[in-house]
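For reference, the structure is listed below as structure tokens.
When the chains are written out, they are named A, B, C and D in that same order, and each has its own residue count from 1.
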């Protein structure tokens, strides 16, 4: 068993140590790592049954990127806000945690997203997303034109802040704010959702995971330096130049999650997770305006 | 070959007669019918290869309801406005029409929607939709509460004008106006889209076609007579009472369309069809306000 | 003082009687009426200082229509769900209620909406709305075309379910579900919001209350009987025929509400009122799907 | 008369020179400047009647910021895409241009937006917007919490990409993409529109121009360096730290535009300007996907 903790959440350290101790007490081989430094765990993964992660959905995504190519499922203890991907809340690690140690879990396989970045006919970058990728305007406020092909057929051009392409996993993330649909985790589809379209087609489009989506970025007469950007799983922005082509399709591997909950867990927890609670508690109605 | 014409479009009569004459001239057996009276064509369908329809998408949907249970594909000559389902424009019936007569077409199979209507445990109605079904408020302006289950698991309750459940075929219809996603014709999924949600979950949800969606209508303290309604494929409203349950899932048969265009025809024509043109030509800018 | 109760809410009777008794005990002249039969109170209104209503926002709107032409303000005890217009909750009628009896209240004046219905140059109907008016498709599911002029200048044509024109009072009602903006109660503006636009301009438009908005309904080739409808303040549908013109502008009188709360009450209670609570309590997560 | 040209549009130079020559030929005193270097024109403005700008809406906005404090109106020749603010197209400068030289124009006055930026009780920045200001997340993809007060009264907290506050002038810009309403140019209001709200209030809110809106930015547990940003009129991002307060209200001066068109020009040209045309011409349907 591997155990990954998020340095960003101080409580993850003691929880991870305790989990490691319990697992070792039951004779399980355990390795530990920080979610910010997962490069060294690669050699350990081939002999690993499952990776337990203490952190938010971001921690789980980072672990899944590393573990999934080895066919190893990850399971999360949610220390973040929404926790769509996590299997446990930090305070109910009783029977579910026992089931995980006993190997009584099922493995959920989810489609990933492969992104290829081409410039003048040459591939200059390649990325794998668990959640989503966004191509669009950078910090400068100018309209980007995004010419789009589906399976080699021209679809339309968007004038928008950007286009978001999400996996079912990412469909409950940024995709929701742009009006995109919720996709069940086990469906082999991708969704393309326009982000703040200005005057162009507004509805999301669903595609089979084997469909290739090409997006060519056109910056028109934008001044030099006003480049577009690509962001994968909410990570750092990659510069995209006028004329660059981005190709999106289902990834070559599946993301794997170890589940101890029932197979209908997704729709059982979907809406309560989205309806405020921990995500956004309002202030008291008579809170005075701050002095700044 | 069967030929169906829409009495609602006067130009459909001569066009249908001409098509029938051409087909008969090539030795094809032809029957003709009005789209408003398709009850008698049932016996003819078992020996029919293809049904050609002259009318709008509504005509094609009516014909597909009758022909699909017999495994017979329909093909449409578009006399309506949008024409997502039709294969031909009235003025380009040359080579495509020859191909159809020669049997050089492929058959596109699309998921349908089965709706069962239960009251106090008893089934009181059963419907098949090619496009979509909407359950929601009737003409009276009051909020309807719609409790929703997915695969037997409670999802959430909506306070909304209604819920729309669409097939991929219906995804380019009313579903678009409510913000729902475009689904490719060959995908075996359904989409549930809230119609004007008041304070409830707003995003569309995609489901596999074998997933069962249950919606229970709660009219609360609404005065007598303020019932809810169910509308199937935009047809006449069926009264729905407080406590009634509607069950939606993929239908037991597929709708079949004969296609002579390339297999990527859907995304090739999607956006141009949606971006005005014949659907909504603006008036001249200096058109005076009418006297009424 | 007038006291109006809603027969639709059984609890309104005893509460109204009790309020009447208290007021009479303080030497106030009181008349009582049902909100469903306000035709006879007209003569009483000229000597009335304030009308207290027990019911939902609908009750308050009915009373305001009758009282406002006489310059008499209304105050509501909220027995409904949202209660944007009401001043009191049924269980906190202490100090506020005393203030009302003592005349310690301020009068909030709100813009109303005048609707004139013309057919072939002749006025066939005239309506006053406190909240809003919707012109659009009737129960039949067909697209309505709505040609629109602003101050006599052609604006655009909408293909939509309808157009909603709301006062600031109505801006927190149906307008919200269509994406319209919240307008402060004291602002002399109207808002025009497209309802489920198909392929046409989607954003709401704000106008000064003295601006005249003309909407001409075009039903095109819709079959006979598929008329459009006008609904005023959510009331019964008025039939609108092809070519009819509806004219909207600020009404000739202001709706008057007696307020004992602070002048910033509107934004203080706006969002909490809209975020569920009494409006839509979800079912328990393990509620089984009903038998129907 | 002042003449301002945009160096970003090469065609602006010859057009500006020609206009200057014509004006001088009629005995008008003319100064010329680049829109990127308007600092030196300040002394000239007090004796200037009108400033003519050759460029897009951005050029006109830059000129209006400089000219408006002196009460000098600006007029634009549109060399950009949308051109909501401009008065002339480059190829119809005949009678309108004569009218401008003759002084036959009216002056349209529009509300501006004042933004004050406070940190720990101290004002660290002050900005004037002609169009809009956005406060929200920077390039890093994390949710920002925005606590909001209206007239000193707590309204609600948003979890969103950002909040956009627009003048009537800015209501036809970025505000539209976020679903905000169109506001007529002469209305003294501001609109607050949530940008991609995640789980929070979604509708725009309209306020009187004298209402003060306070927004306090809460970055929660976001890692260091993940600051929020403020962007004024689409300009460069100003860093906003956790706890900073931004105050928005109508500005101390009005933006002034010289108009030769009729007073109803705004609604006459609104929708055609927004419906594609020059803004977004689609590619030919058979355009092959590029090699990148």
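The rule is simple: a residue touches a chain if its C-beta (ideal position, glycine included) is under 8 Å from a C-beta of that chain, and two chains touch if they have at least 3 such contacts.
Remember, it's a predicted structure, so these values are computed and weren't measured experimentally.
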{"item": "Chain whose mean Cα position lies farthest from subunit A", "value": "C"}
{"item": "When subunit A is superposed on subunit C by its C-alpha atoms, the rotation angle in degrees, nearest 5", "value": "180"}
{"item": "Pair sharing more residue contacts (C-beta pairs) when A-B is set against A-D", "value": "A-D"}
{"item": "Residue-number overlap at the subunit B/subunit D interface, same or different (half cut)", "value": "same"}
{"item": "Separation of mean Cα positions, subunit D and subunit B [Å, integer]", "value": "44"}
{"item": "Averaged-CA centre spacing for the pair subunit D and subunit A, given as whole angstrom", "value": "35"}
{"item": "Overlap residues in subunit B, where contacts from two or more other chains coincide", "value": "152, 154, 156, 176, 202, 268, 271, 274-276, 282, 285"}
{"item": "Subunit C to subunit D touching residues, read off their complex", "value": "150-156, 176, 179-184, 187, 189, 191, 201-208, 211, 264, 267-268, 270-271, 274-275"}
{"item": "Subunit C residues within the subunit B interface of the complex", "value": "8-9, 117-123, 134, 138-142, 145, 147, 149, 152, 154, 156-157, 159-161, 174, 176-178, 195-200, 214, 216, 221, 223, 229, 231, 234-235, 237, 243-245, 247, 274-276, 279-280, 282-292"}
{"item": "Contact footprint of subunit B on subunit D as seen in their complex", "value": "202, 268-269, 271-272, 275-276, 282, 285"}
